[in-house]
Amino acid sequence: MNEVAAFDDQTGWQTDWQPIATTPGDDGALYLELDGWEGPLDLLLDLARRQKVDLRTISILDLVDQYLGYIERARALRLELAADYLVMAAWLAYLKSLLLLPRDPEIQPGPEELALRLQLRLQRLGAMREAAARMMARDRLGRDVFARGAPEGISIDRKVQWSASLFDLIQAYGAIKARSAPVVHMVRERPVITLEAALERLSRLLGVARDWIDLRLLMPRTEPGSDPRLTRSALASSFAAALELAKQGRAELAQEETFGPLRLRGVA
Amino acid sequence: MIAGDDDLLRAVEATLFAAETPLSAEEIARHLGGAPVAAALEALVAHYAGRGVELVSRGGRWHFQTAPDLAHLLRREREEPRRLSRAAIEALAIIAYHEPVSRAEIEAIRGVQTARGTLDVLMEAGWVRVAGRRESPGRPTIYATTPAFLAHFGLETRRDLPGIDELRAAGLLDPIDDAYAALTGEGAD
Amino acid sequence: MIAGDDDLLRAVEATLFAAETPLSAEEIARHLGGAPVAAALEALVAHYAGRGVELVSRGGRWHFQTAPDLAHLLRREREEPRRLSRAAIEALAIIAYHEPVSRAEIEAIRGVQTARGTLDVLMEAGWVRVAGRRESPGRPTIYATTPAFLAHFGLETRRDLPGIDELRAAGLLDPIDDAYAALTGEGAD
């Protein structure tokens, strides 16, 4: 592991990282043992870098040997190795055998393709790792450069601009009138003789005539074709007025038979 | 650490810009390793004078602030047109035709309760104002229209509002006749 | 409301100084009643160049920030910004250089599974957002960076990502299959 530590220091930019901060809990053992690597590809990349050549010209055979050697040492130290490191080791051993043995055209993909693909993967991971380091080393807002500490803030106050047209207004008023006015109009215009009017009329007529008079003769004369409801109303209010006059002792009422003519006479 | 006057000026400028609270000259100096900053502060005040941002000292502490004459730009009102609700326009019509009028009177004429917010909206719109209290039991608040109301609706005076006869002539009271016919039934011809 | 060029310059300056978040030119213009602000922004960039504070554009949004060369003066007493795990940093770089990218694609490059929390941390930091789903089998969620990412890392656009042109030219941002085909197919020499 010393080798590993030394290599990490060499890379420098790891200071920005927390190597095991987010290790998945379910395979925590792996990360405790292989401190600083995130999987076999990561370990391979570190080993490849130790060849100190461009990743494009790296010797895959050397890399395989280094990886297998590392796994051997880890086993000798009885370090617990996660399965995917062992799977990678088995695969690399297979790749090595393909590369060393005489070529068998039956085996597809061939060893060169496998090696090249591994190389491409390492290049990509290496490229992203370098890009990440360069990105993290930039002048970062909040670390190297700072925004204004206490901005006043700008705000937009929403102000509602109410709109309505004169027509809306007048129409609304018309609608209100339409709702409320009928009650008023009906009372005023209905063809009725009020109790007050009937009382006034009966009092006046009784003061003139002293004999018994049929109530119907005392009613206001109605024009031919006039509203029959006005006649009914006149009869009703005259009857009520007659009762009122009798109650006040100003008139007498008489009826010979049920539903017969109702007569009244003034009391002096 | 700081090479020349110019660098000091820049450092003071950046320090004040990034500071979360106003800083005294001593605090700035301490922050910058003890360099005297009075001259730099003076130079910065002069540099920012008349710009959109200025450097000011309040109670011995320095901070940048936006120029006071631009305050109106930083709190901006955006107008959102919105149509009055049916209830609001009815209340407004009643106030306009009957003013001054109390809420109870508005409700009596409309025949429905008027939500508290309705009159608020009309007052917020600037079309209705409180016109005092009526000298009657409960001393209810009474409302009237404003000059802004007349202006918005293009009226010289309230007398320009069409009268009942005009409303009827315009067919706006048609529903009344319908309602009357319905109530009087066979009596109507 | 804004009389001349000078007033506009001051207004833009004050607006950007007062703003709590970076603003696009359109937002500034809208805030200032629709005046075109491109020339004012340019003039302000020139005015602040070399000062302790500078005006920068990040992902089309403008803000003032302290000059980078003063970092050593300002960094002290400041708490380190959020420390990211190595996994999160790599995932962020992969998203930034490849966006939009799915979790599986991130994992293919890193050769290791990405813990659930890793992308969450980046999204919580406001640097990564869900950019929809890829129209491929399984319709995987794809991720992309945000304007806040550009602002934090001082990038005017993603094209300013360090070395992105070289990486693209070298085919290192292409999928392995494409790169392999390019190397062994007709492209092979």
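As written, the chain order gives the labels A, B and C, with residue 1 at the start of each chain.
Note that a contact is a pair of C-beta atoms (placed from the backbone, for glycine too) under 8 Å apart; a residue touches a chain by one contact, two chains touch by 3 or more.
These figures come from a predicted structure and were not determined experimentally.
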item	value
Most remote chain, CA-based centroid, reference being subunit C	B
Most centrally placed chain, judged by C-alpha centres	A
Length of the line joining the C-alpha centres of subunit A and subunit B, rounded to whole Å	28
Mean-CA-position distance for subunit C and subunit B (Å)	39
Touching two or more other chains - residue numbers and ranges from subunit C	15, 17-18, 31, 64, 66-67, 74
Two or more partner chains touched - positions in subunit A	146-148, 152-154, 156
Contacting residues of subunit A [partner subunit B, same complex]	146-150, 152-166, 168-182, 185-186, 227, 229
Complex contacts: residues of subunit C adjacent to subunit A	15, 17-20, 31, 63-68, 71, 74-75, 78, 80-81, 83-90, 92-94, 96-97, 109-113, 115, 117-118, 121, 151-155, 161-164, 167, 170, 172, 176, 179-180, 183-184
Residue ranges of subunit C touching subunit B (in the complex, touch as defined)	1-2, 9-15, 17-18, 31-32, 51-53, 64, 66-67, 70, 72-74, 76-77
Residue ranges of subunit A in contact with subunit C within the complex	14, 16-19, 21-24, 38-42, 113, 116-117, 120-121, 123-125, 127-132, 134-136, 138-148, 151-154, 156
